[in-house]
Every structure is written in C-alpha cells, then in structure tokens.
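Shared between the two complexes below is chain A, which pairs with chain B and chain C, respectively.
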Partner chain A sequence: MSGYSLLIEGVSKTYRGSTRPAVDNLDLEVRPGEIFGFLGPNGAGKTTTIKMIVGLLRPDRGRITLDGCDITKDPIRAKGQIGYVPDNPDLYDRLTGIEYLNLIADVFGVPQAERKRRVHDLMDMFELGGAITDIIQSYSHGMKQKLALMGALLHDPRLFILDEPMVGLDPRASHLFKELMRKHCDRGNTVFFSTHILEVAERLCDRVGIINRGRLIACGTIEELRSLHRTDESLEDIFLELTGATTKPETNGPGLTTDREGR
Partner chain B sequence: MVRRRLLSLILAQLNMNFAISHSRYYYLKKRERLWEPILIAVSIGILAALLAFGVFRISSAYYDAVAAIGQGDLTLILGILLSQLVVLILGFVLVIAVFYFSNDLSILIPLPLSPAEVLACKFSVILSNEYVGLSVILVPLFIAYALKAGVSPVAYTASAILVFLALPVIPLTIAAVPAILLMRVANLSRRKDVLVMIGGFLFIIIIVVFQFFVQTRLPGPGEENEFIRRVLSAANSLVSLVGRQFPPSIWATRALGSAGTLPGFLYLILFLGVSALSLAVLFGIGNKAFYEGVVSGFEAADATRKKLLAGQFPALRFHQRSPARALALTEVRLFTRTPVFVLNGFTGFVMFPVMFIIVFLVGRVGESGLKDLWSLISSLPDIRAAGALVVGAYFLVSAAFSSIPFTPFSREGVRNIWIPMSMPVSGRTISLAKALGAEWMITLGSLPGVAVLEYLLRLPVGYLLSGVAIGVMISFAFCLWGCIVDMARPMLNWTDQQKAIKSNLNTALGMLAGIVVTAILGLVAKIVFATGIPGWAVVTGMGVIVTGILGLSLNLTGAIADRIWCRRHRI
Partner chain C sequence: MSQIGAARFRALLWKEIREHRWPAAGVAIILILLAVAIPPLYPFLTGMIKNIQFEEQLRQLPWQLRGQLEATIGSFEGYAYSNWFKNLYQLGMILVLLIGAPLVASELAFGTIDFLASKPVTHGEIIGAKLAAGAILIAGVLILPDITLWISCLAWGETINLATILTGSIPLYLGFVLALEAAAILSMTIGDSWKAAGVLIGISLILGIPGWIPGYRKFSIFSYMDAAPIWMQGIFPWSAILGLLLGILVLFIIALRLFEIRDF
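Right, the complex of A and B next:
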C-alpha cells in the first residue's frame, strides 16, 4: 500500500490529433481523509484528469493508483472504490430516480437493508423524496445533479470524485453537500473535486492543486500557497497570478472598472 | 435574407446528418483509424453496386416481359410505386424520430425561425437520407428503361432527375402529416410514449394492408402466364388500377415515358406541382401543429408514475439483484420506454403476425386453404421436425432484423456511455447483461409469430418447445456476438435515436450475419434430412449443435469482452 488514496504519477494525455497535451506529466497525491480541490482555467485539463482517474480515458503515460489499485491494471476493483459524478449529469432519462439508484446499488453490491437506509437518508438530505418515483427526464438540472450525487454516494465510496459538483445546486443543497463531504472525509474517506468556485475551495479543501495548460503549477494547503507567494492574498488573487491572467483586478477597487473588462 | 438563413441552417443540418465535419475531424485531422472508414466505404460501395446491378438486370428482364404485350411502362410504374411505398413505410417512424426526438430541437426552437422553417430543416435531413437509399434503386431502373425503350436523351435525363428529386416528397408528406397529428395528440396525453408506439404500429399496419391489396392485384414476376392472361384481358385497366391506388406514380411514369413530348412535359409539371403542393400542405399543417407537439414533448412523458399526496412518502421497493440482472433489466426498460427504439425494433415482430392475419381475414387462403395445408402436413412425416426448425429460425431471423442485438452500446450514446464505463463490472458481465436484455425482448417479441406458425403447422407440443428452445439459444448466441461487435465499434455520436439503431452499420452487419447463419444452419438441416434420418433425431441433433454454439459463444464472447471493454477508452 502506498498510503495514498489517490496517486497520480507522471501522467500525460494527448488527445489524438492534437499537438498539445491536454494533461502534461502530472504528479499528484491525495491522502486518506483529505478534501482535495482541483482548480484551473477552462480547458486546463481538469475533466481530462478526472476521466483518467475514473477509467473513462486511458493515460498515454504514467500511472494512476487508487488505494494501491492501478486503474488500468485492475479497473474493476479500482472502480469499485470510486463514486464519480461527471461534469454533466446525463443520466438515463427514461428510468425513474429510484430505478437508477437501485441499478447503481445492484452494480456496486449494496445490500438491501443498507441501501434502503442510505437512499432514505440521501433523499431527506437532498429533498428529492417527492420526485424519486418520477422519470429522470422530468427532473431539473439541479435535481439530476442531486440524483447523480446520490448515486455516487450510495455505496459509501472510499474515493469520491466529482467534476464541478456545485453547478446547479441550490444554496441549501450545496451547503448540506459541503457538510456531507466533510463528514465523508472525517470517516477516513477521500474527496477529489474540480471547481471554479474559489471560495468553496478556500474554505473547504485541505489542499488544492492548480492546473494550467495541462501542467500542475501549484499544489498544497492554502497557507502553503500563500507563504510561497509571501502574501496574504486571497486564493483568487493567487489563482489569477499563477494562471497568467493579465487583467488582475484592483484588489481594493470595485473590480469591474478595469478598461479591458469594459469592452 | 430569410432564404440565406434557412439555407445555412439546412446546410448545418446536413453536415451533422452526414457527419461531415465530424469525419473530417476524426479521419483527416486526427488520422484516427483511417483504414476503418475506407474499408467501410469500399464495402458499402461494392454492396450498392451489386444491388444496383441486380435492379438493372431485373428491370431489363421485366421490361422485355411486359414490352411483349405492349406494357413496357409497367416497369417504371412498378419500380416507382414500390420505391414510394418503401419511403412511405419507413418514412413514418423516421419523421417521428427526426421531427420530435432530435437532440438539437431545444437549440433550434428558440431560434427566430418559424415552425415551418424548422420543419423544412428537418425535412431536408430526411429527404437527403432518402435520396441516398433511392439512388441505388431508381438510377439503375431509369437507365434500364432508357436503354430498352429508346428515349430522347436530353429530355429524358432532365425529366428523370426532376422525377428522382420529387419522388420521395409525396410519400414522405403522406407519412409526415399523420405523424405530426399523432404527436400533437399524443403529447397531450400523460401516456404519450405508449400512444406514439401504438399509433406508429397502426400506421405501419395500415400501409402494409394497403400494399397487400396493391400487390395481390399486381401479380409478381413469377406468375408469368397468369400475369399475361390478366394483362391481356384488361390491358389498360391494369395501369389505371395501379394509378387509382396511387396516381402520382402514373404521372411520374408518363413524364418519363413520354419525355420530350408535350403530354410528357405536362405530366412532369403535374407531378412536380402536386409534390410542391403536398410540401406546402405539410408546411402549412406544420406551422400550426408542429411546435405544439414538440414543445409539449419536452415535458417528460408519464412524469409521475404514482401521484403522491403532499408530504406522503413513496413506498419504495429495494430488491437486491446481481449486477448482470440489474443491467439487463435496465436495458429492457430503456429500450421499451423509448418510442423510436420500439417502433424500429419491434416492427418486424409485429409485421409477420399482422400479415398473416390480413391474409387470413381477406380470405385468400381461408378455411379451405388451411385445410389443404393441414392435410398436406399430416401426410408428410418430417414436416414436424422441419416445422420445429422453422420456429427456431424465426427467432434468429427476427432477432437479426430487429436491430436490437447489434446496437446496445450505440444506443447509450455519448451522453450515457459513461454510466456503464464507470461501473465496477467486467466486460463479460456487461456484455452478458446486454445480451440477456436483448434476448428477453426478442423472445417476447417472437411469441406472436411463433403462435401464428404453430397455428399453421400444428406442431405437437414437444416439437414446438424444441423449436422454441433452439430459437432462444441460437438468438441468444447471436445477441452475445452482437454485443461484442457493438462494444468494439459503437456509434455513439448520433443526433437522433433513429440513427443509433437504423443508420448504424452494426445493424446492417447483424442482418447480414443473421441471414448467413440461418442459411448455413438451414443447409445443414436440409442435408441431414436428405440422408433419411428420422425427424426427431434431426431436431435433437440441431439442439445439440445450437447448445454447442451457445456454450462456445458464452466463453468466447466473455473473454473478448473482458479484453476490449477495458481497452475501449474513447469518450
């Protein structure tokens, strides 16, 4: 055992036909009990990395291990530890919510009594009880997102991997969900998620990684990032500086008045 | 301005339909698996050429036969009428799929376009698909006629092109208008998916009945003597009879047959004019009813299975199933709840029993015919064994033509394929589950046809059950291989569900494989029968062979699936 929940070693991925790697020699480790935030501008390679972690894409080079389990060598055991929610909650439109959850529970082998308890808990938390017997086609975006999250949590995964999970959640749900992530980690599990909401990352994550153009350009706790830059700037400022945004908003001004943004 | 906007929209739709940018991106820019499209294009080209040549030969021969009695134009009438009927039958489901279940409708509808314009876009997609298919039949037909009948080249060519372009328009509008009205009505209902399926089947049945009547009055090429006798006795009335069934086919024929003369020109104008008029009617109706159908279609069908009172908690059932069974059940649910899949996949299952009932009710075969058949059956000792094998073959053939077995992964599409791919299940499990789901649907779908066969052949229970067992086993093996093919090269990028299961090369491959396997097994049975072995022994032997095939398939496909499932990483 490596002692890491998630270990990414020298992983590269170039989409066929593309000249530039989408993920370039990425090294990352996430320890058990940690909430890891994965940040980066659009097109930086977050979704690509996450798809490789969950086995939807195969890396060109490098190795990804989940709890000591290589995703390419032993995909079934590795996938069994993951709860994954993609960036778009495209579920089976013509199943009902409960049919989808039962499918997931069957596939992950969740025993009957336990699945009943979990489904009821999650349903209460996400307030999806009234819609659970409706077909998914009739759900709103946020409801689909909630159902996808429920499906991913149903088998109490060791590793919870989420691609922009907050998109579409209402404030109450996203608040509860953040608490749930915390509790999940306190039980020794691990959460790895990508997000564009820096305040969430700042408050919630034990550590963050910032990826830009496929390369990891910073990784550590918020404090470590701050001390590295010898400032007490917010994560937003660090992010903008690191990812080379030339239009750094005035730190004290209202922020909307820079020339470039005016155009 | 409006024209240009519409034109560019239509071009974009055609681009998506034929995946032009998509192929250019994947095959030219990325040079990904370049051999594959080349191989496919070459084999499609060869097949199309063979087919076209066959049509050419048949039409030439047919012309010679009918020209002898001065009815050369019948070649054109028949060809045109049959093409239009095919367009009509296939058009209905296609219209529902493309008009109402396209992925891009929620993008198109908010655009500042009139419903008729959106309809025109979608109609052009269907029309372009029809042209591709029709060219294989009509081009050789028109050439054969031109060579035989000696026409004036320029006028004939011009008329032929115009007739070709206008030909699918009338049958397509005839299919589209009831489709639009059906969707309009169905979408008002909470059980609209069921309504769409029933309405679809009804329409297809009506058309088949219609076709049946036309065909029983038009003898096939096999019955030459009878045919000539009838044509001679009513030379002109035959043509006018066909004309009464579907006059546009007559106009098109006259436009071609008399191309270069004034009557020919007038018929051409008439044909084009009526086509244009039918388009106008379609767009007129579309302007009124199209959007309402689509927009209410965005509301989920049957949204609430059980109405809950406020605060009442649904009584949920939690059965634990094995992963394979859960996945198989999901497969069946997803298929049977999607109208376009059901209409495409189950048409074959419905068609055979319906055709039988029609033939029976019309009375052509009738009681006396059946009595003759039954006395014949009881006089032939081996007929029971052969009948059992026919029952078995029915499963295989209807499976092959249902397009269910060869599309389980394609049907998931880019949107949903991540679900099975991120599950901790092996390729073996997933292919077994999908094949089980497919087999379940095929078995249920085949039962009406088997009932009809049993009624006709009066097999003893033992033989009937042996036949069913053979059929289930062989079609299950077939489904397993279908899963492998579709797992290896799924078509995930479709714009409407119809494409996923009908414009899918895997489906064609499956039909071909089904015919070949049936032919081989049939040949084996025939040879064995010829040696004089008793019938029960042949059936038993076939059962052993089929069991062997199934066992081998289970092992082989499992191993193959395990290998390709984990290597398939293209999302």
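Right, the complex of A and C next:
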C-alpha cells in the first residue's frame, strides 16, 4: 500500500504529431477519503491525465498507482477499483438501461443479490426507475449522464473518477450527486473529478489541483491556496491568476477595463 | 482463463451479440426464404431451360455461367449447390461487412471504446469477444438456413443429405471468419466503418480476380471456400480447410497485437 488512493509520479504524455507535451512531469497525490478537484483551462491536460489514470492512455514516462497497484503493470486489478465517468457519456444505444447496468456488474463481478440491491438504490437515487427497461437511444443527455453515473457506482469503486460530471445534470440530480460524492468519501473511498464549475470545486473539494499547459501549478486545500497567494479571493480569482488568464477586470472608468499589463 | 476472466468474456460476448444481432437476423431471414424457395423452383427452372432451344446460346456464354447452367440442368444436387452456395457466399460476405467493418470503428466513432477500455478487461478479451460474437452470429446465419434447405428439400421430395449441406458450409464459414478478422483489422486501423468496408471490398475483388481467369482459379482465395468438392464429389478439402485455419490464426494474432498496443 502506498498510503495514497492515487499516486501520480513524474507522468508525461505527448500525443503523436504534437511537439508539446499534453501532460508534463506531473506529480500528484490523492489521499483515501478525500474529494479532489482537478481544475484547469481547456487543453490544460485534465482529460489526458484522467485517461492515463483509468488506463485509456499509456504514459510516455512516469508511474500511476491506485492503492499501490500500477495501472500499466497490473491494469485489470487497478481498473477493478475504479468507477469512471467520461466527460461525454457515450453509452451503448442499442442496450436497455438495465442491460447496460448488468453488463457492468458482470464485468466487475458484482454478485446477483448485491447488484439487485445496488441497482434498486441507485435507481431510486437518480429517479431513473421508469426508464430503466427502455433502450438507451431513447434517453435524454441528462438521463444518459445519470445512467453512466449509476454504472460507475454499481461496483462501489474505491476510486471514483469523473470528467466534468455536472454537465447535463438537472439541479436536483446535481445536488443529489454532490451528496453522493460526499457519502462515498465518508466510507473511505476517494473521488477525483475535473470541473470547470469552480464554485462546485470550492464548496465540495477537500483539496484541488490546478493544471495548466500540462503542468501542475498549484495543489492543496482552498485555504492553503489562499494563504499561499495571500488573498481572501475566491477560487475563481486564484484560478484565473495562476492560469495566466485575464484577471478580475479593474474598472478604469465607465466602460473601461484593464488586465494585469494595464492594456 | 480464470473463472472471473471467463465471466467477463461471457459478458462482453453477450454485449457484442446484442449489438450485432439485427444485421445477422436480416441476412438469416433472406437466406431462410431462399432456402424455402429453391426446391419448388427446380422443376420450373429446368423445365423452362429444356423447353427452349438453348444449346446454341449455351455455347456462347462465358465458361463460368455455362458451367453453372449445365450444373443446374444436370441434377437437383447441382442445381441446389449452384443456387444455394452462390447466394450463401454473397449474402455471407455482406454480413461479414455489416458486422466486421463497424466492429471497432463504431466504438471509436461513438466514444464507447472509453467505456470498454477503462473496465477491468484485457484488450485481448475485448477483441476476442468481438471476433467470437461475429463468428457465432455467422455460424448461426449459416446453420439455420442450411437446416431450412434440408427440410424444404424433403418437403418437395428431393433428398439431400443434411451432413453434406452442413459440411459444405464449413470452408465457406472459415472463409467468412477470415474475412471478418480482416474487416476487424481494417476497422481498427482505419477507424471508419464505411472506409473499412470499402477497402475490404476492394481487397476481396482483387483477391477474387484469378478465379475468373481459366487455369488460375487456384490462386483465388475464394476457390478455397468452395463447397463443390464436398457436394459434387464427396471429397472433404482438407488442404483448403487447413490453409483457412492457418489464415484465421495469423489474422487473429495480428488483430490481437494491433489492439493491445493501441491507445484510446
């Protein structure tokens, strides 16, 4: 056991045909029982990092271990601990909702009695009961997102990884989902998710990591980031400052704004 | 494969069969209808051919068509072979394209490959389940109409051995599995179902060209799928079968290797 749920050590990845690394020498530790928010602007390397964690991409360098298990050396055992929801929940349209869940349960080896109970609980939680026997093709984007979340939670994963999980969820489902993430962590499991919604990260995460141009530029609790930057500003302001985006506009007069360079 | 590995493989296999069942069912229905129609049409067709002054026109036909017509007139076995296997071959290849071309490309196009590859299954299990599902569906599509043909023959008073019909389908089946693997490899490397199907059709046409040149038929890969030795001469084509099995093994290893080294 490494003592960490997720340990990323010196991981780099450059896509074929590109000279710039998508992820550059990334080191990151995510502890058991915490909700970790992974933030960054578009193209910062969030999805590439997540795809490497879940074994979809192989790192060019470095090592990723889940509960001490190397994802490249023992992918089956490592993936068995993960529940993953990609940014766009592309499901098998020709299967029904329940067939999809049964497929996942079979792949993860969830026993029949346990799967029945979990499917029932998750259906209640996400209010998908009426549509569970319909083919997925007939689902709305939000329903697909709910089904993908149900599928990712069905085997009670040690590490729950989500790429932009709030997109497509209605406010009620979004609220339920946040509660669920907290409960999941309270049982000693870990949640790692990327998001653009900084308010959610600020409210929900125990710690956040900010990635920009493939490099981790900040990591810690919101309070730690604030004290590091000697500010009481929101996570959004810290994020904008760290990622080099236009900072909070300063009004020079009616209708006039400046950025840091005073332009 | 461990017990858990076997359960995972079964789950993937089931999913693949569910995904591809409709094209298989469509082709199976067409073949079953054909199997039902072949025996009752025999007296009608042979009667029509014999009643017209055909000898002269027959000599002017290309040798491939002449052979087929002569076989048709000659005996019911020849007629049934000619009309059954030619259609089985063509419709089977269409099924191979329908199943094989989107086998991996559709997962890439719809993003579902992320779902599969992030689960605790090996890449070998994924591609193995895909190919096994395709092979099972193709087998089903061949066996059901074969049995239908046998029943239909019995109903119209013609006797053809069921074992001959089924054995005759073996080289054809192995050829389809080989083509399915080729389609899967193209589907994986090209990443587009339509383009993969187009390339496979192109390759098939090129490989089939020697079959149309007198004396060069043995250089056509499709000549090894022919059921004629079994139907017409009662000879089991061992060398063709072994050649096809070897080809299946080689393409399976290539497909496995290509899929294992692939990033998603």
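Note that the second predicted complex is superposed on the first by the 248 of 263 C-alpha atoms of A that agree within 3 Å, B and C clash if a C-alpha of one lies under 4 Å from a C-alpha of the other, contacts with A are read in each partner's own complex, and residues count from 1 in each chain.
Keep this in mind: a contact is a pair of C-beta atoms (placed from the backbone, for glycine too) under 8 Å apart; a residue touches a chain by one contact, two chains touch by 3 or more.
All figures in this text were calculated on a predicted structure; none of them were measured in a lab.
Student: Overlay done on chain A, so just call it for chain B and chain C: clash or fit.
Tutor: clash
Student: When the two structures are overlaid on chain A, which partner does A:A44 contact: first (chain B), second (chain C), both, or neither?
Tutor: The answer is neither, since A:A44 touches no partner chain.
Student: Can A:R115 be said to touch chain B (first), chain C (second), both, or neither?
Tutor: first
Student: Quick one: classify A:Y84 as touching chain B (first), chain C (second), both or neither.
Tutor: A:Y84 sits against chain B and chain C alike.
Student: Determine, for the superposed model, which of the two partners chain B and chain C contacts more residues of chain A.
Tutor: Per-residue touch count on chain A favours B.
Student: By the touch definition at the top of the document, which applies to A:G55: first (chain B), second (chain C), both, or neither?
Tutor: So A:G55 meets both chain B and chain C here.
Student: On the A-aligned overlay, A:M150 touches which partner chain: chain B = first, chain C = second, or both, or neither?
Tutor: In the superposition, A:M150 contacts neither chain B nor chain C.
Student: What is the contact status of A:V107 with respect to chain B (first) and chain C (second): first, second, both, or neither?
Tutor: Both chain B and chain C are touched by A:V107.
Student: Given the touch rule stated above, what does A:I98 touch, chain B (first), chain C (second), both, or neither?
Tutor: The answer is first: A:I98 touches chain B but not chain C.
Student: Counting only touches as set out at the top, which of chain B and chain C does A:A201 meet: first, second, both, neither?
Tutor: Neither chain B nor chain C is touched by A:A201.
Student: Pick from 58-66, 274-282, 400-408 or 544-552: which stretch of chain B gets in the way of chain C?
Tutor: Stretch 400-408 of chain B has C-alpha atoms clashing with chain C.
Student: For chain A, which residues lie in the overlap of the chain B contacts and the chain C contacts?
Tutor: Residues common to the chain A contacts of chain C and of chain B are 51, 54-58, 75-77, 79-80, 82, 84, 86, 88, 90-95, 99, 103, 106-109, listed in rising order.
Student: Can you tell me which positions in chain A touch chain B when the two form their complex?
Tutor: Going through chain A, the ones touching chain B are 15-18, 51, 54-58, 72, 75-80, 82, 84, 86, 88, 90-96, 98-99, 102-103, 105-112, 115-116, 119, 129-130, 132-135, 137-138.
Student: Taking the touch rule as given, give the residues of chain B at its contact with chain A in the complex, in rising order.
Tutor: Within the complex, chain B contacts chain A at residues 25-26, 29-32, 299-306, 308, 313-314, 316, 318-323, 325-327, 329-330, 333-334, 337-338, 415-416, 418-419, 421-426, 566-567, 569, 571.
Student: Which residues of chain C touch chain A in the complex?
Tutor: Listed in rising order, the residues of chain C that touch chain A are 4, 7-8, 10-12, 14-15, 18-19, 110-112, 114-115, 117-122, 263-264.
Student: So in the complex, the part of chain A that touches chain C is made up of which residues?
Tutor: My answer: residues 51, 54-58, 75-77, 79-80, 82, 84, 86, 88, 90-95, 99, 103-104, 106-109.
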